[in-house]
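Once you've had a glance at the structure underneath, I'll fire off some questions.
Think of it as A, B, C and D in the order they're written, each chain with its own count starting at 1.
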Amino acid sequence: AHWQEKRKVSRQNRSAGPQAYCRLQELTVDLHYDFIIVPAEYIANNCEGSCQRPLSARIPHYSSHTVLLLDMQERGTPLRRSPCCVPVKYSSKEIIRFTGEGMQVTTYPNMVAVECGCR
Amino acid sequence: AHWQEKRKVSRQNRSAGPQAYCRLQELTVDLHYDFIIVPAEYIANNCEGSCQRPLSARIPHYSSHTVLLLDMQERGTPLRRSPCCVPVKYSSKEIIRFTGEGMQVTTYPNMVAVECGCR
Amino acid sequence: MRHRGRLLGDTEHSTILCHSSHCCFGIWNQSHGQLQAVMQGCWGSDRDGCDSPACKTSPVHTTGAILQRCLCRSDFCNANVSQLG
Amino acid sequence: MRHRGRLLGDTEHSTILCHSSHCCFGIWNQSHGQLQAVMQGCWGSDRDGCDSPACKTSPVHTTGAILQRCLCRSDFCNANVSQLG
């Protein structure tokens, strides 16, 4: 969060009331793969919600790049890809998986979303 | 890219022909802020395109989390937030900015998107 | 309160106190109507669908074998399958 | 071919050879119809809108001052403003 940003909330946003802003939401994912023995499901989470200015007042994880994209949109320049609420930090998960040699405990990285940001 | 992924392309995708997949695109951004003196514009780039399976064949930057989300969608479970093509690596940019004490060269981090991924 | 789990090693049956969670797991090989325990122990997380006090299994069809697995949260709940999935 | 830039220091005018790019920059303070050079030198990147061989400025309205700035790519192009924005 390095970019100077004016904390201006447009009239439209104010009158629309509080919007669901980019945040971490609980999401359980089935692991119905024939090589995964345990667990059958786990909480993977997801990042959900809108990305709008001002970012600084709402979310700790944003980049100057994102602020500049949002500014472009606000000035009326359409973007082919609008800023999006995505995981910016993951944690790993232990899995017991089936291999040719039997069962094996493996730690898979980037399995659980733990922090969200606008990118 | 740690998750085992079947390289299956659905019939729908094949018949639709090659789709614009998540990739870095050149985008010039105006820096019309009253505190920025030089440059007046710069190439910030943006990440654009769709995020669909198989990720591994198309893009180096994806997480197990993203593969599992795409699998959920493919099995018919709707997601409140679909995987999105976003910058996963940024570079910085030098800016001459106007401060109360005069002009100052400042390096702003996260100004240019340099690599994209599906998250 | 931590739960004790049935532990299956290579040579002997023993028990283990689950320190990092309240969750036990069990994996069985199912063949010819028989279940043979393959792995039993403590699972590291309470949040991976470990809500039932009893071992209600669900099947996994791996290459050449049907496995039954459960997570459960009561003392020695992973010693025996209480409900086959 | 690298371009030489007009360099403005605190006490004297001098020149500099741009090593990391082909781009010069210039910043002028505009007041009462007069332009006074504030900063001149090499810009680190060729890709920040540094396409013109001549210094065509655009204005910035900062607090209490109007500045004119340009990026340009030819020898000493930043010595003088060739077109005021």
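We adopt the following convention: a residue touches a chain if its C-beta (ideal position, glycine included) is under 8 Å from a C-beta of that chain, and two chains touch if they have at least 3 such contacts.
Being a predicted model, the structure only gives us computed values, none of them experimental.
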| item | value |
| --- | --- |
| Most extensive contact between chains (C-beta pair count) | A-B |
| Between chain A and chain B, centroid-to-centroid distance (C-alpha), Å | 13 |
| Separation of mean Cα positions, chain C and chain B [Å, integer] | 42 |
| Whole-Å separation of chain centres (CA-atom averages), chain C against chain D | 73 |
| Distance between the centres, which are taken as Cα means, of chain D and chain B, whole angstrom | 33 |
| Sequence positions of chain B contacting 2 or more other chains | 35 |
| Contacting chain pairs - touch in the sense defined above | A-B, A-C, B-D |
| Chain D contact footprint on chain B (complex, rising order) | 28, 34-43, 94, 96, 98, 103 |
| Residues of chain C touching chain A in the complex | 25, 27, 38-39, 43-45, 47-50, 58, 60-63, 67, 69, 71 |
| Parts of chain A lying in touch with chain B, wherever the complex brings them together | 2-4, 25, 27, 29-31, 33, 35, 44, 46-49, 63-65, 68-69, 72, 79-81, 84-87, 90, 108-113, 119 |
